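Some structures are shown below for you to check.
Note that chain A is present in both complexes that follow, paired respectively with chain B and with chain C.
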Partner chain A sequence: MLFSLAYRNLWRNGRRSLLTLSAMIVSLALLILALSIFSGMLRDILASATEQYHGHLVISEGDYQENHDLYTTLAETDLPLIERLADSDQVTGLSPRLRGYGLISHTDNSYPAELLGVHPSQEAGVTSLQRQLVAGSALNDGDDRGAIIGETLARRLGVKPGAELVFVTQAADGSIGNDLLIVRGIFKTGDSAHDNGLLLVPLGWLQRTLALPGQVHEVALAIADPMSAPETAARLRPLLPEGVSIVDWGTLLPQMREAIASFDVSRMIFSVILYFATGLGVLNTLFMSVMERTREFGILMAIGLRPGRIRLLVLLESILLGLLGASLGVAGGLVLCALMRDNGLDLSAWITPISYAGGTLPPRLHTVLELRNLLDPTLMLLLTTLIAGVFPARRAARLQPVAAIRMD
Partner chain B sequence: MSLIALRNVTKIYTSGSQHIAALSELSLFIKAGDFAVLAGPSGSGKTTILNMVGALDRPTEGAIAVDGVNYDDLSSRQLADFRLHRIGFIFQSYNLIPVLTAAENAEFTLLLQGIAPAERRARIDELFERLDIAELKNRRPGELSGGQQQRVAIARAIAPKPAVILADEPTANLDSHTAAELLNLMRELNEKEGVTFLFSSHDPQVIAHAKRVVRLRDGQLENDVRQPL
Partner chain C sequence: MRRPSRFAFLIIFLLLPSLAAAAGLRGLIRKIEQQYMGLSSKTVMTMQVRAEHWERSLTMESWSLGREHFLVRILAPAKEAGVATLKVERNVWNYLPKVDRVIKVPPSMMGGAWMGSHITNDDLVKANHIDEDYTFELLEETPEQYRIACLPKPDAAVIWGKVVYEIIRPQEVPGRVTYFDEKMVPVREIVFDEVTRVAGRVIPLRMTVQPLDKPNEQTVIHYDAIDFDISIKAAFFSLRNLKN
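Showing the complex of A and B:
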């Protein structure tokens, strides 16, 4: 009956409760929407940063990721094991890579460049370079000397699809490695480091040119939830052969990790400010309600309700208010998120893509609903209402029955 | 042995630097089955005695025992339990819980006592029949007249079978006809069920219904008489 009494007490002053409830619903729904837009922005910027080059996780020999030493390659015998380990629902793409640095030339123009040797179809499961073509076509797995090249580098070299390129480098056996490439396509990422100096070439071609047959420098992985990359790395790490290391995108892109951490702090500050205001509203409602019922609490005490139960009664009222506000707020938030999930809000008429922390933020606001975008604000709202209920509950429980009954 | 025993009870209220003695070294003993009224003008100490007997307030000096329990050292939680099991209250302005129905109001104390739902309902049904308010069970206090509300308040006080029922000016807000009806009803409960009643009132009608009249003046016992009915 205490529960029923608490519920009925909520509607004694229906207008006041409804006003407080609507403040809670609107604040929760808008917070869920805002956090989901944040998540959409993070997803976009992280995707642009990781899917343009690194992938979400990279497995390599020893300290290759620090010094990019030509000779630090994964043993051929390790590759089947790595592929088996990575064969899980979580891993959505896997691409063995060999990296080479040298001069790329066309007619009289030469520029330093980085060549990433890949199996084109496997690389497409990890990075999006082949989907960002502005001219020509992507590489085929059967193509043994094709290349796709960054847009700025192509412009400097003066090449178009079909043009021949010459690559010169020092091979692993000490010889001068050089060979012809044919431009198949030109990509543009918006990231100057890639557009100025990166080429994707067939893995077999680069292995021959660098005299590293059957060897790769790294295996890049894409996973379903990029934010869980550290946990996936930690799970795979002990299963890898000795001397082989795995790093996540946070290690490869520390500035992106910092950016995301700062986003998290912003989310928290945003939530706290919003709920501070909401909490004051709830506190006001409950305090007024307790003040108005002082005499009634005195009567309840007189007929034998323990002070602890008086406290519980008021807390139940605040919890019920919180649960009602949370359920309706979550429903409202879900509707708003659904409305902005697919199409979102296109801002391209007003702003251009923004490069930030190694990623690119497109001029579009859309929502990505993550569980924590629902759970965090909902739990915070419930906690806020509970805290707001503590003071009125304590006051009600501390009333002296005689004094309370005398109150009009 | 007395059901209620007040021994040399003094109650002083302090307001700023003023000390007001509501009771001065008052001793009073009420036996089980009594139907007594504390009579006297406003400020004579009637409500103060009821508050202290009802464990709502403590004496400044002296001792009070109800049903053999001296509650001097009881905590507020223990006092609440004491009131729940041994004291029934009937207030001047009924003081029903407005969001509960008549039956729920009466049932509330039984619920606090942990009585099973079937027994609770049976006891409330029987009481409402006896108090002639069976058809009002599902109405809220706001939908009831003053007399009907006071009947529900009586049901609430009696339902948990307390040792004593304390009634503070229970007929003050009722017309004389309704007041007489309720007094007869309480008297019937006293005689048939042996329920002990202690009233406070200056209403001659209430005083006329009492078996025993304790007159107070300025916080002291003026006289204490049993009257034939």
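Showing the complex of A and C:
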């Protein structure tokens, strides 16, 4: 009875309720859109930071990640075990790597560089370097001495695809490791650290040149949900051989972890500001309708409706308004998100990619739908309308029947 | 016109011996830094390098002319025979026979190890200029030895904060040279011994380079043959000659 009364009350001043409702729907839909765009940016920047170099999880021997010591390689007997472990559920890519530092040279130009020895096809499952080419082509697995090279380094050396490079370093046996490479492709990530000093070369070639046959320094993994990397690392850690460590991207890229935490805070601030405004709107509507119905509440009380029931009635009205607003708002938000999924809004005509915290933000706005982006704003909207309903409900319940009836 | 005061004369008079002494120290250091060169030289040497993970021995031959021309080539082991380094003034090139390419060592790699040893490319280029880039101070003088501290001149582009020479007095050959970093922590020591008269000069035939932060590592260079004042021209120190 009370429920249908509340429902009917809402539509007695339909225009006012509709206006409030539309404010709720628009604010919720826009908030869902904004949060989904936030998530999209977050995913882009995280993807660029992890998929340009590290991968989501990295398995290596001891403290290799701290000092990149040439001799800290994974035991060959550990490799099959690691590959079997990584075969599990959500690992989407796995790439064994060997890392070497030395001098890369072309004609009269020489620069220090980092070489990452990989199986090209396996590396492509973990990092996107081979898809970020601005010239030439990716490496083939059969390529014996091909290399893809960072754009800035290539420009400084003055090389184009097809050009020859000389690499010199001190090999693991103390000898002077040196050999030729042929530039196959040139990548550009937007991250200067990699663009001006990184080369991807065949694993076998680097093992020969460094005199480390069959050795690798690390195994990089890609997983389906990068945000769950710490949990996956914790799950795999006890299964790894003694002395072998696993780190997630948050350890390798602490700035990125902080950037993401700050994203979460700004999400929260954004939501609170928006709902403060929406809440004031709902409060206004309900107060007005309670004031207008002072006389009516007086009569209801006079014929025996208890104050508690009156309070419940007004609260029910606000909850109904909230539920209606929330469901339509979610629907609206979903439509907006769907429109901006995939490619979204291309801003490359106006802004260039932004490098931040080791990642690169491409100039586009697109949405990624996450459950919490729907759930959080919806719950907050319901809470807001409920709180906005409490004050008018209390006021209505405190009316004195006789005085209320006499009011105009 | 004011006459120069007697006091000024006195100052100059008192300073003269120490100015002369500084010039003497400079000459001494210069002589020691060029002990293996003379006007020109040809040597055959063995370099033994011990590092944490490996140990190896290289036989090399070298030529020098003055202090600005130096060429060294590996003779053995076979795997690296023909690898050569050319220094002309402050430039260093390496030749790699395996790929038949010459590489110019960039400024950023000057601090890197030369041929895998505990000698840096920078040592090849700058050590011979120590008399130009540093000022000198006599720390100790005994009948047996001098101890001389070298401090970099304010504008000199050098990597050491201080270098201390212990020079054996009768023969005027170095006994020990200690290198300090900019925090004045000793980081490297070179000990010279086997002082012998060769080709009319008295020189230590063996030098041991000891990185003080890595007690298990060292580089020992032994001069197996050395010849001074040979007839050699600057044209010999060319990129073309680097290759053969």
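Operating definition for what follows: the second predicted complex is superposed on the first by the 364 of 408 C-alpha atoms of A that agree within 3 Å, B and C clash if a C-alpha of one lies under 4 Å from a C-alpha of the other, contacts with A are read in each partner's own complex, and residues count from 1 in each chain.
The working rule: a residue touches a chain if its C-beta (ideal position, glycine included) is under 8 Å from a C-beta of that chain, and two chains touch if they have at least 3 such contacts.
Quick caveat: nothing in here was measured; it's all calculated off a predicted structure.
**Q** Considering only the touch criterion stated at the top, classify A:Q65 as touching first (chain B), second (chain C), both, or neither.
**A** After superposition on chain A, A:Q65 lies in contact with neither partner.
**Q** Which holds for A:S105: it touches chain B only (first), chain C only (second), both, or neither?
**A** The second partner, chain C, only.
**Q** Looking at A:S318 after the superposition, I want to know if it touches chain B, chain C, both of them or none. Which is it: first, second, both, neither?
**A** neither
**Q** Scan A:S95 for contacts with chain B and chain C and give back first, second, both or neither.
**A** Neither partner.
**Q** Could you look at A:T385 and tell me whether it touches chain B, chain C, both or neither (first, second, both, neither)?
**A** Touch partners of A:T385: none, neither chain B nor chain C.
**Q** Would you check which partner chain A:V168 touches, where first means chain B only, second means chain C only, and both and neither mean what they say?
**A** Only chain C; A:V168 stays clear of chain B.
**Q** Considering only touches as defined above, state whether A:S17 meets chain B (first), chain C (second), both or neither.
**A** After superposing on A, A:S17 lies clear of both chain B and chain C.
**Q** When the two structures are overlaid on chain A, which partner does A:T360 contact: first (chain B), second (chain C), both, or neither?
**A** neither
**Q** Looking at the overlay, does A:D179 come into contact with chain B only (first), chain C only (second), both, or neither?
**A** So A:D179 only meets chain C here.
**Q** Tell me, which parts of chain B touch chain A in their complex?
**A** Residue positions touching the partner: 51, 54, 56-57, 76-77, 80-81, 83-85, 87, 89, 91, 95, 97-100, 104, 107-109, 111-113, 156, 160.
**Q** In the complex formed with chain C, which residues of chain A make contact?
**A** Residue positions touching the partner: 71, 103, 105, 108-112, 166, 168, 170, 172-176, 178-180.
**Q** Per the contact definition, I'd like the list of chain C residues that touch chain A in the complex.
**A** Per the touch definition, chain C meets chain A at residues 49, 51-56, 79-80, 83, 94, 96, 98-99, 101, 103-106, 108-109, 112-113, 115-116.
**Q** Along chain A, where are the residues that touch chain B in the complex?
**A** Answer in residue numbers: 1, 5, 8-9, 11-12, 295-296, 299-309, 401-402, 405.
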